[in-house]
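Order of writing sets the labels: A, B and C. Residues in every chain begin at 1.
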Amino acid sequence: MDAPLDFRGKAGIADRLFGFAALAAGTIVLVALGTIAFTTTRRAWPALDAMGFDFITSTRWAPNDEVFGAGAFVYGTLVTSTIALVLAVPVSIGIALFTTQVAPPRWRKPIVYVVDLLAVIPSVVFGLWGILVFSKQVLPVYELLHGWFGGIPVIGALFGETGSGRNFMTAGIVLAVMITPIITSLSREVMDTCPTTDREGAYALGATRWEMIRGAVLPHSRNGLVGAVMLGLGRAMGETIAVALVIGSTVGVSANLFAAGDALPARIANEWGEAEGNWRAALVGLAVALFVITIIVNLAATAVVQRTGERGGRR
Amino acid sequence: MTDTLHDGLADDSSSTDDAPVFVTSDLSVYYGAYRAVRNVSIDIRQNEITSFIGPSGCGKTTVLRCFNRMNDLIVGARVDGSILYRGIDLYGADVSAVEVRRHIGMVFQKPNPLPKSIYDNIAFGPRINGVRKRSELDDIVERSLVRAALWDEVKDRVKASALGLSGGQQQRLCIARTIAVEPDVILMDEPCSALDPIATGRIEELMQELKSDYSIVIVTHNMQQAARVSDRTAFFTVEVNPESDRRTGVLVEFDSTKKMFSNPADERTENYVTGRFG
Amino acid sequence: MTVDGGSGLDLSQRPSSRTRTDRAMTAVMLVCLLAVVVPLAAVVYTLLKNGAGQLSAEFFTADIPTISRIEGPGMGPAIVGTLLITAVAAAMALPLGILGAIYLNESSAGGRLGRLIRFMATVMTGVPSVVMGLFVYVTYTLRFKQNAFGGALALAFLMLPVVIRTTEEMLKLVPDNLREASAALGARRSRTVLTVVLPAALPGVVSGCLLAVARAAGETAPILFVVGAATSVNTNVFREVNTALSAQIFANAQLPFEGAQQRAWGAALTLVLLAFVITLIARVVTARFALKR
């Protein structure tokens, strides 16, 4: 009883050690992004330095001549992710609406499970299916579309001749399948936060279910949906392996969606094995370009989603 | 239940149509197997304010939500007995809930403007009912806002978000939105419970003004409010089954507000209105 | 009782074009659901059709043929490699990620640093795996050569932000009164976290971590750059090239030989089964034990 009261005690040290370990873990995340940017840029520098702005704008990629223009791959990445979004966004929102607003509660879980099952399948397996099965099956459909729309001015350019089934369109479709689960689950979450009172308010004015969705659920979810779509876009742009297998691996810029091309990450995966010297540096440069693009997209998505959260908090 | 419809209403009888708007007979509401309210029989009359009072859990809101079939939205909810709205069975096989709600509007406990502009909130109802012309919509929006005593406060910012309004303004916006579809009846579910006394006063004033054009049914937990605004009052209470601990709402008494608060027939009503009942 | 039902009031009149739109949109939503079920079924079907025949004890254990033209099994080294790389990655990322999440949720509630870390973790989840692979190549492989540990590093970096974010979500679900009760008994914060908060959140944390592991096990791009390609089993994480199922699928899918493609299908089915089993365990853990949102 004579011992002086010591409020610090031994546990104080344990507390501090614990806090230190936790802080270290957090710091790794903090420095990781900067480190990634720095080390990869440094490694890619010989190629970036030699090419200057042409690295992004030029569409000539000729490793044997030491010419590295990533323009065609940037183009391929944009085209394939655009196709993926055009296909996946309506489908995802449709599924999310069906799950949250239409389906009886008993159906909800099974639907969520089935959609999430798509996210369990690794991308390389989608790629395998794409290259050995889907790209062959879908060829007649492309030819049919070419026959229907190929002759129409302007739009016809999109539906040109089909070589093999491995092209922008196939890559876009496979990407769409892969990003649908993520967009669906994020959309579902934001739709779930639409207050019952808002929905009842619309119903009480004599709205049908669809009118209620348009009047209450969609306006409420708009920001969150934009965020979900952008996160999906980030995924689509960074997806490597599936695209590498089905895009056709050709350096080319063509409006024709049925033409073979290549995308940033796919080119890295396909050429890495044979590349050396500046070629390798240029491939790392492609990764830097991809990193910058995806970070911008993800930052924007995070900002949009956070704005939704704050607004949700106010209400 | 009680059939003393013409007692104590001499001052008001001239304006009332003899045919009730709603005739509710032997209404019970179930959620799954659980009976939430049983055997309610009430007539709601035209151009009157009818208030439902009672302790929480007594089923007053549940009954109110039967009048515009809002309970349809709750999975497992089921109704027994009948509600005739102007002679038509609301729960008849051929009746569309969407159509019912166009005639019978509702204002909720928490102001629930849609996340859109003030203008679009009010135009929402008319738009879904096929009003497309800009000038016509402008007209309806202004008329509804004036009627809801909100026009002067928002006329310079009808394109601004409705979520920027104060609670009281939001609730008046919800009333304006309801009026915009030109309903016959307005149901109000504790419309002032989220508002301060001043905003509450404004809504009560508004109800008196709206009475000439609409029949109003209001659920309130505030007895003074019922006494102030309503022509008739229904008192509900909870019956607890001692064995199963199940709670069921029942209608105790329904009469003119004056009689309910001065000389109720049922002892339970008397206890409640005099504050002796928790 | 007389009613004015004769006044033309008709509640049955269903506004036809509106009802039609409503029905049409519901149908469209169902079609959307179908649009997902069809490719899922197609992938699963071809996987089973082409892969099931490959699976055998020999396929799981035998070395990968050095000449890809050859038909027949196996995928033993790739299976070992996948398990090894994923396990090492998990051993690094899970403790670190969970600690990081504890820091975010328990130590620095709302602090500026905490918010920054949370934000960075969110952004980091968006870094493509190919970039992460090259990052590890530049910082590790150039010095230590291709081996399994490089792959594990890359996968760990991919898992880390996911683990942090999901763990934090689970910790948030632990009610504050549990923390207060423990603190009121005189427990230090570290004790409170270890004996009260973490056990309460554990099922959710485990399930979130398992899902992150399942995703990482299927990653391909980093393996290509930093692990290399072995054809026989290598259990030394730090020495010599290794391989993984995903990398084998990628390599064999591009070969025109029947035997290689068959091995790719077999490897794909194995990989999907592995990911599926991990996911299933996660599901069961969530359904059985987790705190509900």
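Everything that follows uses one rule, which is that contacts are C-beta pairs under 8 Å (C-beta built on N, C-alpha and C of every residue); 3 or more make two chains touch, one makes a residue touch a chain.
Keep in mind the model is a prediction, meaning the values are calculated, not measured.
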Next on the checklist: Relative to subunit C, which chain's C-alpha centre is the most remote?
Outcome noted: B
Checklist entry - A-B versus B-C: which has more C-beta pairs touching? => result A-B
Checklist entry - Can you give the whole-Å distance between the Cα centres of subunit A and subunit C? => result 15
Checklist outcome for this item: Per the C-alpha means, the centres of subunit B and subunit C lie apart by a whole-Å value of 51
Item to check | Cα-centroid distance, subunit A relative to subunit B, in whole angstrom | outcome: 49
Checklist entry - Using the touch rule from the top of the page, what residues of subunit A touch 2 or more other chains? => result 208, 211
Next on the checklist: For subunit B, give me the residues that contact two or more of the other chains.
Outcome noted: 98-99, 128-129
Next on the checklist: Residues of subunit C that contact two or more other chains, please.
Outcome noted: 18-19
Next on the checklist: Looking at the complex, which residues from subunit A come into contact with subunit C?
Outcome noted: 11-12, 14-15, 17-19, 21-30, 32-33, 35-36, 39-40, 42-43, 90-95, 97-98, 102, 111, 113-115, 117-129, 131-134, 177, 180, 184, 208-211, 213, 231, 234-235, 237-241, 244-245, 265, 268-269, 272-273, 283-284, 287, 290-291, 294-295, 297-299, 301-302
Checklist entry - Within the complex, which stretch of subunit B touches subunit C? => result 19, 23, 84-88, 90, 92, 94-96, 98-100, 103, 128-130
Checklist entry - For subunit C, which residues are in contact with subunit B within the complex? => result 1-5, 7, 9-15, 18-19
Checklist entry - Of all residues in subunit C, which touch subunit A in the complex? => result 18-19, 21-22, 25-26, 28-33, 35-37, 39-40, 42-43, 46-47, 96-97, 99-100, 102-104, 106-107, 113-114, 116-117, 119-132, 134-135, 137-139, 157, 160-161, 164, 188-191, 193, 214-215, 217-221, 224-225, 246, 249-250, 253-254, 261, 264-265, 268, 271-272, 275-276, 279, 283
Checklist entry - Which residues, counting only subunit A, touch subunit B once they are in their complex? => result 104-105, 195, 197-208, 211, 215-216, 219-220, 314-315
